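Take a look at the structures listed below.
Each of the two complexes below includes chain A, the first together with chain B, the second together with chain C.
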Partner chain A sequence: MTIGKPRLKADIMARKLLLTHIHVPGIHTFEVYRQQGGYRAVEKALKTLTPEEVVEEVKKSGLRGRGGAGFPTGMKWSFLAKPEGVPRYLVCNADESEPGTFKDRYLMTHIPHALIEGMIVSSYALGANTSYIYVRGEMMPQIRILERAIAEAKNAGFLGKNILGSGYDLELYVQPGGGAYICGEETALLESLEGKRGNPRIKPPFPAVSGLYNCPTVVNNVESIAATVPIINEGGEEYAKIGIERSTGTKLISASGNLNKPGVYEIELGLPVEEFIYSDEYCGGIANGKRLKAVVAGGSSVPILPANLILKTLKGESRLMTYESLADGGFQSGTMLGSGGFIAFDEDQCIVRNTWNFTRFYHHESCGQCSPCREGTGWMEKVLHKIEFGHGSYSDIDLLVDVSKKIEGNTICPLGDAAAWPVASAIRHFRDEFEWHITNGHEAQRRNYGLAHYADPLEPVM
Partner chain B sequence: MADDVKFKVNIDGIPVEVPPGTTILNAARLIGGDIVPPAMCYYSKLQGSGGKCRTCLVKVSKGSDKDPRPMPKLVASCRTTVMDGMEVQNITSPEVIEARKGVVEMLLINHPLDCPICDQAGECHLQDLGYEHGLASTRYEFERRTFNKIDIGDKVQLHMTRCILCYRCVFVADQLTPQRVHGILGRGDAAEISTYIEKAIDNEFSGNVIDVCPVGALTDKTFRFKNRVWFTKPVEAHRDCPTCSGKVTLWYKGEEVLRVTARKDEYGEVEEFICNTCRFEKKATSDWVIEGPREVKRTSVISLNHYAELNPPAVVKKNLMLQEANKEQFERAKELL
Partner chain C sequence: MLSVKHNEPVEFTEEMLGKFAEIVSRYPEGRQKSALLPILHEVQAKYGWLSVPAMDSVAAYLNLESIEVYEVATFYTMFFLQPQGKYVLEVCRTGPCCLVGAERIMKHIEHRLGVKEGEVTPDGLFSWRGVECLAACGYGPVLQIGPEYTFYENLTEESVDKLIEELTEKAKVNG
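Let's look at the complex of A and B:
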């Protein structure tokens, strides 16, 4: 695979599309948002475009789902079944709970109208007259913010009956989530939205055919929906010019861990990982002058990579923040952009402990519906606990690999894969550290394994 | 689509034609035999069941004639419908065998394996599954999960530790009784079958949860610890019941009816659900019209010491005296049946 040109320092000051006006005081209010050019996309879409044309623009933009899977949004929309006399729904997935990801919360807190505007445009494109924003239950302040934003938009005539005289009706509702990570899985979300226990549904049928209340439904991430606003404003082709190859546009990255400047950044896709970590425009390097040991690039579910593999691909090329470049090397030496939950670990962090911590999360959040995930996540958690606390044996490492393999791909929903990948990748890349925990069980309680060779440059493999 | 349209499906090299909308599992059941994937949670009589236990995973090596691409992951055969020209691998795929072994191991890691004191032993699907697909030993070395005991009613005994969360009993309560009072509480490996209100399960059809339970999690309190199933003799009988079909299996020990269950087919699924009066109240032979002994699969432990046909070993065939004795014993056994 060829990687496009790395972005030159010359075209610095990356473009911002979602967070352009984030620092304008009062941008969370309708008035200020409108002054800054907000709701232009609604006007343009409803007055000058047909729903099909809106879908076409989104297709042209190359926008890919920002929730983690990276599925092309326009294509997802075109799959929506349109039987006569059956309502269609748009549901916004704001149940952001992936450890390391907090971009949607940021967006909803500070610039809620970007989401509302995107919801109107997207609902119009899909022909939905009732749309829902399913917000993680713990985010009560954001729920209130969104409800106020909806009320403001409705007052201004952007929601309700006959919006802007176009004859298009839309009601928008905010639904507090059921309080479980699994409710962020799209079919579990729909179950939860219907008032049931948030168990993922067995697919097929896919939501595009039978989703909310058995009607055709599209479920999109907050950021994907918000991204339709600049796409409509500037046109899909213009949007597609940003980024590299099939990774178009901008992406919100939640940067956390041992970074000088953690936070939410809007980047142009194609930014080199190294620049993202070390440049002052973004994370400003590793905190306290330490060295980078490992990175989880896209939220806790994606494979963890050691410093040498996250900065350069196995071929020795600079790794970029794109769907393709981060995945370069597959599961052997790559990872995924996922939801953009970028977690950096410095040399003092223990990978075994972190893996145990992630697994503890998945164990706690498994819905318990299908056997491999229900039983396997708990099993992995117990074995990792044993290794972390110095009671492990060599066979435990192989056991973990085997259990993770037996969960992966055999479950109803992707939570099983999400639980298996961090374990499998941590052992793949940090096996020495796991073995050190076994051979030096006592010592591992007092100190960490350290950086070891994890940042050493690798000989490029052609 | 016309009613007579049939899809050609190939399972483990065996072709079969089925109507559109049939699941892979049901297509395999039409073929029968070893290629039928095991199913712990799917229940053909319960709508929406299946897909959860993952024991019926199969590999679709060819999607259909139109789109011959294989499916990227193993699929739950009980919830995947066939396409025309689909090719499926079950026991011919090492990947499936390996995945199934994994699922069986997962199902057993927290199972108490208290078969010696479990009323379900002998007719437990998990026992069969473990025997056919599992390993002889476990790699799990941690304490098995336990639950607080709850009393769900006077007829049905709940042993949550044995439960594999197939959700069948939940579907029964949803689809057979007007109001479901039990369900799944908690999530992950802390999920349990429970009721908010103790002793709440009291409905004319609630006893069916016992029959649909693939393991010993829900057992008959009136049969509790009375006998091992393989010491009892199943007899088909019926009665004129105002509530249900009245078609049952009586489980005899000597003259006494120890237990009444619905009639189950070869996949352990009941033919018709029965009411609690038939199940729990009618335990005298005089309540029933006896139809005859129930056929039991030769491989089942319940067929222990039951001879269905005379098939003497070679040594008997040569000796006239042994032959006579064998015949005599066979006749006696038949009478006992």
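Let's look at the complex of A and C:
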């Protein structure tokens, strides 16, 4: 494997913006965070910038939503309706539940003030005087950490009334979820924050017009909000110089599965996938000396790719960790950066079993509002179970494709698509493994299909 | 943790009511329903599960219909509607954890505790279940134990045995 090819940017150690001080002892406390230059962005924003100027910097930065959708954050902010006399809300989405994603947990655990500082800057930009951080209920330890950090910040005059004498007031609260993946969808999250079941709302109206308590609301991911801190500190234009094209800045990648060094890494967007997997600076290669079979690059909802397609595009170009490069080839041969949940599968893993597992997840997590998702996910789970346990038939594969197509695009929220894509992509790229499970049902109970041809170099298609 | 039976009326302590009032103060006037999830977590932390009388008391406190509490409690997977073991071992069963052995860990727990998923051990100390992704995929296999939701990472059969022994000891000491 060739590692450490020249990078598009200067060949320096990767720049870190969010995790720069992560290893400083006591960085979770206000005192140490402040000593390391923390809360400068709040000072700069509140004392020298108007809210509109903060929005402008975020627009210039090119920051794209880090929760998975990749929608430009500054643009999302500029959609916020501002009717007179109606409160506006910023809600942070810390309902991190996308399988393969654990970066927000890491950030909130180790450097909670980065989120608090970002919340203050972002709330100021949006004109919100009450903001909520909606954290998944299972992250009770992180909820306690954030509550402590908020108390510290308030004590130091960075929250509450008339912050730093600017005349700007902000109260910040942490809200626990109850264990429901669907609440990561922004309108389900708002329903949940209002004390209801997490059923996504029909859009329009969008939250920017009618969100929390029917007021204009912006919902942003933890990492997006934390990223506003370096953006304000360094300026949007400086931030936009990091990364490639429309993938600006740094991204937290959650690496899991069969890797030597799983964990959370902050990368500059544009890092080659191959370098991310094999270099010692990042994941350090596949665990136990095995070979790579497949990767889910952006959380369980994005298409799975075999090893040969994740390292290189069909055109034979090196695949990069950017929104564009990972999507190169569309769903035929590409995938998505999504939330940055990077799951690596070694040669001994069974794609059929994993697809069944993921589908069980979506079936379990479907809120049940829309029949295509409620019924379709359960149907796919049953069929996949049948194939995995050696009772499948050829027609089942076509049935899965058919059901997945009937879910996709036919539901209120994207959970339906998220359930359909892993199934459709697994069959697209690993059809022979599914077929082997059907023709060799008995044998499939004793051993896995193995690496087969999934890592073989592909002929570049020009 | 207090124990509560199915039909036993539930009255919240002064301390709990003080906490509830603080929670309600986080939301605008008239939006006290927003306090429902945080309050249900408090109640479950106290009693170990949500009995119908407990949910009715929450409804009365927040000035909601009981059904508004039931429909929420039944939607979110963290809320228990039946009594559980003192320690509920919740093991992540989703893809990334399974790539590194979560299924083996669940089998081991089942064997070790001698009860099936969702059942309580005869001494009332343990129950266990598989749960969906806990957002700790890089440290799998993982399990969590409420009400603090303490995390146990990179599980092996040995570390699970040790954990069960420690919790058993702890329960003996604390009675």
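As a working rule, the second predicted complex is superposed on the first by the 453 of 462 C-alpha atoms of A that agree within 3 Å, B and C clash if a C-alpha of one lies under 4 Å from a C-alpha of the other, contacts with A are read in each partner's own complex, and residues count from 1 in each chain.
One rule holds for everything that comes next: contacts are C-beta pairs under 8 Å (C-beta built on N, C-alpha and C of every residue); 3 or more make two chains touch, one makes a residue touch a chain.
What you see is a predicted model; the values in this text were computed from it and never measured.
Asker: Quick check on the superposition: with chain A as the shared anchor, is it clash or fit for chain B versus chain C?
Answerer: Here chain B and chain C can both sit on chain A without a clash.
Asker: Is A:G257 contacted by the first partner chain B, the second partner chain C, both or neither?
Answerer: The second partner, chain C, only.
Asker: Angle at chain A between chain B and chain C: what is it in degrees to the nearest 10, using CA centres?
Answerer: 70
Asker: In the superposed arrangement, which partner chain does A:Q369 touch: chain B (first), chain C (second), both, or neither?
Answerer: Touch status of A:Q369: first partner only.
Asker: Check the residue A:N410 against both partner chains and state whether it touches chain B (first), chain C (second), both, or neither.
Answerer: first
Asker: After superposing on the shared chain, does chain C or chain B touch more chain A residues?
Answerer: For chain A, the partner with the higher number of touched residues is C.
Asker: When the two structures are overlaid on chain A, which partner does A:A180 contact: first (chain B), second (chain C), both, or neither?
Answerer: Both partners.
Asker: Contacts for A:Y213 in the overlay, against chain B (first) and chain C (second): which applies, first, second, both or neither?
Answerer: In the superposition, A:Y213 touches chain C alone.
Asker: Can A:G195 be said to touch chain B (first), chain C (second), both, or neither?
Answerer: second
Asker: Figure out whether A:W379 sits in contact with chain B (first) or chain C (second), or with both, or with neither.
Answerer: first
Asker: Once you lay one complex on the other using chain A, what is the shortest C-alpha distance from chain B to chain C, in Å?
Answerer: 5
Asker: Which chain A residues contact chain B in one complex and chain C in the other?
Answerer: Common to the two interfaces on chain A: residues 180, 197, 364-365, 367.
Asker: Would you tell me which residues of chain C are touching chain A in their complex?
Answerer: Residues 26, 28, 31, 33-38, 40-41, 62, 68, 71-72, 75-79, 93-96, 98-100, 131-140, 144, 146-151.
Asker: Contact residues on chain B for chain A in the complex?
Answerer: 50-55, 57, 73-74, 76, 79-80, 98-99, 102-103, 105-107, 109-110, 139-140, 142, 145, 164-165, 167, 183-184, 186-191
Asker: Show me the residue ranges of chain A that touch chain B in the complex, using the header's touch definition.
Answerer: 180, 182, 197, 202, 204, 363-372, 374-379, 382, 399, 403, 405-407, 409-412
Asker: Would you mind writing out the residues of chain A in touch with chain C in their complex?
Answerer: Those in contact with chain C are residues 87, 96-102, 104-105, 130, 132, 136-141, 171, 173, 175-181, 192-198, 213, 254-258, 262-264, 296, 300, 341, 343, 345-346, 349, 353-354, 357-358, 361, 364-365, 367.
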